[in-house]
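The following blocks contain the structures, represented as structure tokens.
Heads up, the next two complexes both have subunit A, just with different partners, subunit B and then subunit C.
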Partner chain A sequence: MKFHFSRKQLCIPYAVFLVCFVILPMLLIVFYAFTAENETGNLTFSFNNFIGFFSSPSKWQTLGVSVTISLIATFFCVLIAYPLSYILARSGWKKSNVLLTLFILPMWLNFVLRITALRELLDMIGFLGNYDYVNTIIGMVYDFLPFMILPIYTQLLKLDKTLLEASKDLGAGAFTTFTKVTLPLSMPGVYSGITMVFVPSMTNYVVSETLGNSNITILGKLIEEYFSTYANWHMGSMISIILLVIIFLSMLATGGFKNDNENSRGSNLW
Partner chain B sequence: MEGNENKIIELINVSKSFENTDVIDNVNLYIRKGEFVTLLGPSGCGKTTTLRMIAGFDLPTSGQILLNNKDISQLPPNKRPINTVFQRYALFPHLNIFDNIAFGLKLKKVTNTYINDKTGETYEKQEKLTKSEIEQKVKKALALVDLEGFEKRNVATLSGGQQQRVAIARAIVNEPEILLLDEPLGALDLKMRKEMQLELKEMHQKLGLTFIYVTHDQEEALTMSDTIVVMADGQIQQIGKPTDIYNEPANAFVADFIGESNIFNATYEGDRKVRFCGKVFACEDDFAKNEPVDVVVRPEDIEMVAPDQGMLTGTVISVVFKGIHYQIIVKVGKNEIEIQNTQSRKVGEQIGMNIYPDGIHVMKKEFTSNVFNGVITKHNTVEFGDGEFACDVTKLYPGSHLDEEGYLITAKGNKLDLTGVEVTAEVGLNDIKMSDDPDEGNVRGEIISLVYIGDHYRYTVRTENEEDYVFACDDLWNENDKVSLIIPADKIRLTLKKQEDA
Partner chain C sequence: MVKKKKAIDSLSVIYCILVLTFIYAPILLLMIYSFNSAKVIGEEGSFSLKWYIALFQSEKVVTILINTVVLAFIAATLSTILGTAGAIGIFYSKKKVNRVVQIANQIPIANAEIVTALSLALLFSLILLPRTYFSLIVGHLVLCTPFVVTSVLPKLKQMDNNLYEAALDLGATPAQALRKVVIPQIQPGIFAGFMLSITLSLDDYIVTAFTKPKTFDTISTYVYNAVKNASKSDLPLIRALSAIIFLLMIVIVIVMMVKSSSKEEEKR
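Up next, the complex of A and B:
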């Protein structure tokens, strides 16, 4: 038989990759999450992990803490990133690229190194050990800020300047033009930034461990504990799935799945 | 000042420069209320900048813009009762059609008059339009552009033509004093464009608004306008009715830009006679005797006759069918003459041609030579027009020569150091050559315009510092070509600015 090369065959490696590294692991997680060991050591189907998670006040608390920290960190990221991106995108200043790079630069440094350095800094000003939550949020904002700046900056940069002229032409002053044209048209960038900050903030326990002096437990930490300390893969997997659902819902809420023209043009960086 | 109250907008000595480049150079223009005025010119002529200054997006560097005799030069766009239809429509993608059109109305404040119930006094109040007022106005605007029922549609679902109509509706719904249109039909296909031209013209008559329209399409300008303002190189070349612009172009540029034309180098012989193509023709214009002039003859104004009956005879070198007429190119001596006629001729055929006085339009020559202010830099080197040229400075002083150190020795034997002396340098139109090798010539520049004149092209080359060189060349180059210019030393005529004692 003759070998017929077709374009479809090009996707075979990707299909293999997807099966090995996405579908199989997901199935395994689901398998572990909905099984439990009975007295004889056999695995049986069970909802115990699910019930166990939601009936435990301490786990509810962890969930609450994770969501609260993520929300606050995301809020401050938007608060800092939007005006900055706006200034950078609008200044018309030739050096604005350099300034942008300076803000993005920490991303290229080793993450653990950055956090350790920040820990030393917080220790120096006496925050470490005293304000665990504040320190964690500072760490999250510091760490994820570039992920908020980039999509907002990109979105503002590609905003058609004639739309702003049209707005002024129709009688809108600078403030009205901002609220009625610039802001709504840059929202895809903000949404994209929110998903890129909110999600990792829920799981990145290196930040909370290092800066919160190991006094703060977020969902990511809990998962790690179930897998390594308690060797309970079933509960660990269940928490992972619950986290996945939360992320899915949060993306649904911020319009991350919208596939209209605006998004397909690459405004969402992820 | 005639009809002062009729002028809705007036530009007085308006100039605009971006980063030291003059885009608009001392423009004076007024537009009457209710007029349809077209700013016409090639790209980069400053027509869009003029429009943007009227809209308020760009502020003039100097000069005044008067709206109803009030200076609005420094007013931001949102404070001007002027609305714009943008080239690429600029509709808001996040708003539906209704909200796009209502954008301006929602911001608008109107003065309403009330009567106080108790005292009976009238008082005025600045109020926003009510929801139903806005709805009514939007509906009316949509009806005017034939888009009834489109209120809830998304911008992205509309065709180019429909988006254009929404853009027009969005502007006129605010009842501006002046409507600005920046090449609004540029993105539409030919058929659509023709339809929209007529619709816009109709809309103009119905609304009675003042329209200022910007285009580079001369046909569009001739079709739609009451008045055409032809611009080139940041300056107004001619203002007039379409028929005047076509029949009586002010200069070779206008003649070349509007419609097809034959332009000839000519000499005014006096007594309403003009000589070109080696023959003398009767004409209807008056110029000084022996003045070099440009003559324009429209291709449809040339009559084809038998070879022995024509004022000119020539050989047909090409015939192209253009639908309504044939385009026939005839070679007469060195000149190529274009004729448009419903009758065809064969290539290679000898024909006679007659041109009658009403078909000949004589124009003043704008350039007869290039004149620059210069400075002598070294022995025999003069700097002018953004370049440094070798010249013969001994010509400044008859009988003089240079000694071995480079000092000028006059006829009387006086020794002069000419470094830094200011001179006027003059170069004839036929004394400049172009090269595409940037290092071959003494000065580099870009071709900013070219006009075909009978048997050669007339080029204008602009240097980086905005010095212009005008000259003739037989070969066809392209606009925006980067060239260097070669001027032989003996073709530069120097004169001293100050007559010094020699």
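Up next, the complex of A and C:
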């Protein structure tokens, strides 16, 4: 049989890669989450990890702390990023892209180095060690702000300017035009920003460990502890599943499945 | 009316300056103190280059720097090849295959990094593979390749498909047509995917920590551990390191921007 080259076949190496290193590992997580070791050391199907998680007050607390920190960090990201993106997009300046780069430039500096820099500043002003939660939230906002600025800015830039003129011609004031035209049309950008900030804020334990003086446990840290410290793969996997459910729900809430992912993390970076 | 507009303009400027201060204050503080002999920021000291000298004399740090950069280049090159081929394959596949692969491609993008890291660690632990350079590379490929695919696919959609057919009609083999017609048209997407991969790999901590060999360190893992163990002797070195990397980044970004804007001028 002669080998016929076809463009479709170019997909095969990547498909195999995805099966081996994305799908199979994720199935392993599901497997470990719903199994437990019995007395003889065999793995059996079990809801123990699920029950174990939700009957533990400390785990409820971690869940609550993670979600609260993420919500606050996401809120402040929107609060800071929206006016900024609005100013940049509406400035009418031909080189507003250059200005935008100024705001996302630190993104190219390694994020651990960035967080370390922030830690030194917080240390200097006496925050470090005293306000663990405040520091962690400042850190999340500091780290993820560009992920909020980029999609909102892109969305505002796409906005059809004739709509604004139409609104003005029809007698709406600047404020009404903003609340009735600009804001609703820019919401897709806000939503994709939210998904890009909310999930990492629940899981990026580098920020909470570095700035919270190791006093704050978020979900990501808990998973790491169960894998590295306690060597309990089952509970680690169960927490991952719970995290996945939260991610799924947050994507559902922000319509993350609908948009074409053109605003996905880093897509406007280069 | 004019007065009101002016007031809004100056408010805007003040707002931008405030945000910029927030963004740059930590980095500037670090840069300034990297030239100071004080070990702890805020302590008295004088101008000194000793941290920079110590940095380059530290074999450990230089090795880590090289490790990080080499890893990023290997990961970016491999994921660009894998992802570009994947994207072309996806684009020309049947609708069903197209959809399935694209959904699988979205998993690492939407997933929390810690879950990706844990899933890979489970896989490697289960097949009793010790953490090696191979597992680390696989981790970074999982991280980067989906973004290469998402950068290349839109360029394929924009492409004029008739050109490929024309090349075949004119006697090119499919491989030739691909190399001479398709690749040049999607090149901006490939390049963007490559650069994004470099950035993602350089920036990563969590997946690296879960897949790396014990004795191997990147900038991220080294700095995180140094800060966590409150190793005060490393902090000044880290300041100097950050200052150098940040300046380097600024130069690279400016060069890229000038290049891309001059390209746009050409188009006009």
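Operating definition for what follows: the second predicted complex is superposed on the first by the 256 of 270 C-alpha atoms of A that agree within 3 Å, B and C clash if a C-alpha of one lies under 4 Å from a C-alpha of the other, contacts with A are read in each partner's own complex, and residues count from 1 in each chain.
Methods note: a residue touches a chain if its C-beta (ideal position, glycine included) is under 8 Å from a C-beta of that chain, and two chains touch if they have at least 3 such contacts.
Just so it is clear, the structure is predicted and the values come from calculations on it, not from any experiment.
*Asks:* Should the pairing of subunit B and subunit C on subunit A count as a clash or a fit in the superposition?
*Replies:* In the superposition, subunit B and subunit C stay clear of each other.
*Asks:* For A:Val22, select first, second, both or neither according to whether it touches subunit B, subunit C, the two together, or no partner.
*Replies:* Touch partner of A:Val22: subunit C, not subunit B.
*Asks:* Applying the touch criterion given at the start, work out whether A:Thr176 contacts subunit B, subunit C, both or neither, answering first, second, both or neither.
*Replies:* first
*Asks:* Which partner does A:Val206 contact after superposing on A: first (subunit B), second (subunit C), both, neither?
*Replies:* The answer is second: A:Val206 touches subunit C but not subunit B.
*Asks:* Where does A:Ala166 make contact in the superposed view: on subunit B (first), on subunit C (second), on both, or on neither?
*Replies:* first
*Asks:* In the superposed model, does subunit B or subunit C contact more residues of subunit A?
*Replies:* On the superposition, C touches more of the residues of subunit A.
*Asks:* Under the stated touch criterion, which partner chain does A:Met124 make contact with: subunit B (first), subunit C (second), both, or neither?
*Replies:* It touches subunit C, and subunit B stays clear.
*Asks:* Give the angle at the C-alpha centre of subunit A formed by the C-alpha centres of subunit B and subunit C in the superposed arrangement, rounded to the nearest 10 degrees.
*Replies:* Value: 80 degrees, nearest 10.
*Asks:* With the superposition applied, I'd like the minimum CA-CA separation between subunit B and subunit C in Å.
*Replies:* The answer for the closest subunit B-subunit C C-alpha pair is 10 Å.
*Asks:* Jot down the residues of subunit A that show up as touching in both complexes, subunit B in one and subunit C in the other.
*Replies:* Correct list for subunit A: 261-262.
*Asks:* Would you tell me which residues of subunit A are touching subunit C in their complex?
*Replies:* 5-15, 17-19, 21-26, 28-29, 32, 80, 83-84, 87-88, 91, 98-99, 101-103, 105-106, 108-114, 116-121, 123-124, 142, 145, 199-200, 202-206, 209-210, 214, 219-220, 223-224, 227, 233, 236-237, 240, 243-244, 247, 251, 256, 261-262, 264-267, 269-270
*Asks:* Hey, which residues of subunit C end up touching subunit A in the complex?
*Replies:* Within the complex, subunit C touches subunit A at residues 12, 15-16, 19-20, 22-27, 29-30, 33, 41-42, 82-83, 85-86, 88-93, 97, 101, 104-116, 118-123, 125-126, 138, 141-142, 145, 147, 149-151, 154, 173-175, 178, 191-192, 195-196, 199-200, 202-203, 205-206, 210, 219-220, 223-224, 227-228, 235, 238-239, 241-242, 245-246, 249-250, 252-253, 256-257.
*Asks:* Can you list the residues on subunit A that touch subunit B in the complex?
*Replies:* Touching subunit B: residues 160, 162-163, 165-173, 176, 180-181, 184-185, 261-262 of subunit A.
*Asks:* Which of the residues in subunit B end up touching subunit A in this complex?
*Replies:* Residues in contact with subunit A: 55-57, 76-78, 82-84, 86-88, 90-94, 103-104, 107-108, 156, 170-171, 174.
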